[in-house]
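What follows is a structure written as structure tokens; I'll ask about it next.
Naming follows writing order (A, B, C and D), and every chain is counted from residue 1.
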Amino acid sequence: MSSAEFTSDEMMTVGAARSLHDGVACFVGIGLPSTAANLARRTHAPNLVLIYESGTLGAKPDRLPLSIGDGVLADTADSVIGVPEIFNYWLQPGRIDTGFLGGAQVDRFGNINTTVIGGDYANPKVRLPGAGGAPEIAASCREVLIVMRMSPRSFVEKLDFVTSVGYGTGKGDREKLGLRGRGPVKVITDLGVLEPDPETCELTLTQLSPGATVEQAREAVGWPLKVVDEPTVLQAPTETELTVLRELKATIGGAK
Amino acid sequence: MSSAEFTSDEMMTVGAARSLHDGVACFVGIGLPSTAANLARRTHAPNLVLIYESGTLGAKPDRLPLSIGDGVLADTADSVIGVPEIFNYWLQPGRIDTGFLGGAQVDRFGNINTTVIGGDYANPKVRLPGAGGAPEIAASCREVLIVMRMSPRSFVEKLDFVTSVGYGTGKGDREKLGLRGRGPVKVITDLGVLEPDPETCELTLTQLSPGATVEQAREAVGWPLKVVDEPTVLQAPTETELTVLRELKATIGGAK
Amino acid sequence: MARILQLDEAIAELVHDGDTVALEGFTHLIPVAAGHEIIRQRRRDLTLVRMTPDIVYDQLIGAGCARKLIFSWGGNPGVGSLHRFRDAIQNSWPVPLEIEEHSHAGMANRYAAGASGLPFAVLRGYAGTDLPAQTDTIKMIECPFTGERLAAVPAINPDVGIIHAQQADRAGNVQMWGITGVQKETVLASKRSLVTVEEIVDELTPRPGAVVLPQWVVTAVAEAPGGAAPSYAQGYYERDNAYYQQWDPIGRDREKFENWLATEVLSTERSAR
Amino acid sequence: MARILQLDEAIAELVHDGDTVALEGFTHLIPVAAGHEIIRQRRRDLTLVRMTPDIVYDQLIGAGCARKLIFSWGGNPGVGSLHRFRDAIQNSWPVPLEIEEHSHAGMANRYAAGASGLPFAVLRGYAGTDLPAQTDTIKMIECPFTGERLAAVPAINPDVGIIHAQQADRAGNVQMWGITGVQKETVLASKRSLVTVEEIVDELTPRPGAVVLPQWVVTAVAEAPGGAAPSYAQGYYERDNAYYQQWDPIGRDREKFENWLATEVLSTERSAR
């Protein structure tokens, strides 16, 4: 165990990596989810199956891919398939265990916005990239992990646009909507981890990052944040985790 | 030109082969259609594109395939694809020029039965193999060639079961049913060729095989056969056609 | 991760009386050894599914394993009819056989819908034919954008999907090449799946046109060299055409068939691998 | 048979003002050279379609070629926003841009329906999201067998589909490998198609994972070496990451963009091949 210094982003990435169990199939988005998944595959989860929406099943990249369609994914995959097939045969039936999502905004029920902020849809203040694979990842993966830095601008009382559904307006909504997966089981942030309350599905602070406080978390969330009685403190990144993570990050330079 | 002896089956095969224009894409069934298509590719239509429902696009077999899934088709194809794709992406949109069909029964509007004969559906006198790819080949190919030996048992007043649609009950039916292709443009038989009447779509004898008579044809058809004023006589198989056809047939022995 | 089992273990564990079972193969890679093992284990009341039931289905039906057949083309390819199949339909011998009949396009789409986790598929099919009148698994549906009417067919999701492939690795990743038919969809649509393979290898070498099924979507792999004969396995052996011819007189005659069954299947044992 | 044309000839002949045009590529094999030729030929009022509009679509939009964009994710991957796209949506500069927005699953299925000759596709999608309220190309449909409600989306059938591949042979048969995205569907769904290729070869060698488009479904092939840069072409060249970074300040600023457009596209000529 190490007391090495680490950033809150590193803690967040390590926390996300630890949430991936060995042997599961994981639908990976680019950025932090991909870093976390590759970290997990190099540490506790060597048999993690990485699936990218570009159509690579079982990619085993020897460096961090720079995009969801990086050539290293195709080169190392068990199989490369077309994009319609990845969504129809692999994601849609619910055969992928874990989906990773980020977003510009999340609300207390784990719904996500990656479409527009401010104004209205036709005349937004900020036009975001849009849905991509997220709505169906959120609907169909057996469980979803959300990874986002906490701030009142991103953890909001009300989304400007619902791009992807977490628990809708609360417990039971997923079933009513016919969504197959369980929904978001964790929101992993720089300050700690939120989990849906078993009764209400409202996101509740259950774990704190080392050094972070409940007060900090409350201030970083735009709704009255529920907190469990005694939030546990996340284990700091181990030396191995940090070393592997930093090595991974260093591979980006030489990537295509 | 040759006056070599030939069988009526050879005439039928050569007639079918001649109906395939160079460069067209042809959906080939096993048996006589496959023989005819391979004959055409070796004679006047070297650029004929052979498509088999097993998923082989552009097969160039060096011998007669023994089944629609013969390995020689995969070995020589431009591309081998799955069976759902061959039907959905290739047949259904109407991008295949010519489809070949045979059957146990055909009626005067070119509808075909390959399902049951006699009795009723639940207790047939003869259970035939069933539909296979035929209904959608009949519906979606730009044009269809039917190849069958003439006899009153097979050229019937009323089908025991409509497996594949030609012109339904007459002109305009294909449009009403939403079928995209033109329908059967020729029925090639041992005694001659029937073509749909431009006004009524009723199959009409337009050509006779060398040596065959209108009277023979009428006797071989279970409905009052219409005949054009002056049926032309099919050109006998040329020496080249016969030689190539017989060479092709001889390849079957060594096939898998 | 797929488990590597012996064929008899795999059938014993995965295939139960009353199951819906698809043994798929399109001329190539037909899972014949698995079919014979089902006969040997005397499964009953199966709903058998296959686009192109041929000899091995004739054998399963003749052995009394099936109560229903869902199919689109049934025959002894290049030879003629399936006489056990006809005897079952026409004379209920040895047991009655219900049929549910489609076209290839319909069946392929039913598997694709099953693999896609959808309850149904849409196609341009069946219009004007007598097929829809004979089955309640063909309905019409209207395009919500154009109003056009199309055919709809329900997904097929077999209890067990069985296919034969050339190779698997020791983790149970499967690779097949050549004509691969509807086999990927069969495995993906099925609740449980068994892949028999020509051989288990240390590593799968990528090949042009290969279809790979990762181990995490395959329930079990069993080594069964020659397991597709009399059909062929590209790269391993060719089609045994004589077998198809020779089947005809056996299939035509109940007594000959029962002799065949007793000597060629029931009293034999698949060599343990 | 596909015709082998020069890129400028092909664009002149195949792409007309007002057309619906899909230039597809999923990170890999993006048909950038073809996009630049469309800008150079000053096409207007195009409806552009692409799952993942990135830099070349930002450029087409900034150059005023498009009146509408149909898409599911628009961004400069790994860098940030598309500023020409945002300027067009938010400020109608240089011309107003209408959008029709879907998810990837929806777009992929729209292409697949287009390739299949169906008017629509069915998927599990959009439920509970705000997307259906913003577009009339998402509707609900009921399964005729189970009564379940699912999403329906209309087929996409572009006037012109444009993709980039590694190779074509002299007859116009096309082969691409690596990540091939939705490019096959794009060509099959389109009324006309253009494939730019890294090189035209005497013979296509079968490769693992390759997608082959036979010449009879391709309208034209144009040799355009480097035609996917700054994206990559597996086996030919790598992604130019710096270009993606460098695009950000250019795209952010109208003046810089117009300079870029004048010097890098409009005043240049694609070398004749």
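The definition used in the following text is that a residue touches a chain if its C-beta (ideal position, glycine included) is under 8 Å from a C-beta of that chain, and two chains touch if they have at least 3 such contacts.
These are the chains along with the protein names UniProt gives them: A, B = Glutaconate CoA-transferase subunit B; C, D = Glutaconate CoA-transferase subunit A.
This structure is a prediction, so every number in the text was calculated from the model and none was measured.
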Task: Contact-richer chain pair [B-D vs B-C] - done: B-C
Task: Centre-to-centre distance between subunit C and subunit A (centres being mean Cα positions), rounded to whole Å - done: 40
Task: Euclidean distance of C-alpha centroids - subunit B vs subunit C, Å - done: 28
Task: Touching two or more other chains - residue numbers and ranges from subunit B - done: 79, 88, 92, 140, 180
Task: Overlap residues in subunit D, where contacts from two or more other chains coincide - done: 117-118, 123-124, 148, 184-185, 209, 211
TODO: Let me know each pair of chains that touch one another.
DONE: A-C, A-D, B-C, B-D, C-D
Task: In the complex, subunit C residues that touch subunit D - done: 117-124, 137, 139-141, 143-146, 148, 150, 152, 154, 206-210
Open item on the list: Applying the document's contact rule, which stretches of subunit A touch subunit D when the two form their complex?
Closed with: 30-31, 53-56, 66-71, 73-75, 79-80, 82-84, 87-88, 91-92, 115, 121, 123-124, 127-136, 139-140, 161-165, 168, 173, 177-180, 255-256
Task: Complex interface listing, subunit B residues touching subunit D - done: 23, 25, 47, 49, 57-58, 78-79, 88-89, 92-95, 140, 180
- [ ] Could you pull out which subunit D residues touch subunit B in their complex?
- [x] 1, 115-118, 173, 184-185, 188, 211-212, 214, 216-217
TODO: Spell out the residues on subunit D that touch subunit A in their complex, using ranges where they run on.
DONE: 26-28, 51-52, 71-75, 77-78, 81, 85-86, 89-90, 101-105, 108-109, 111-112, 123-131, 134, 148-149, 178-182, 184-185, 209, 211, 232, 234, 238-239, 241
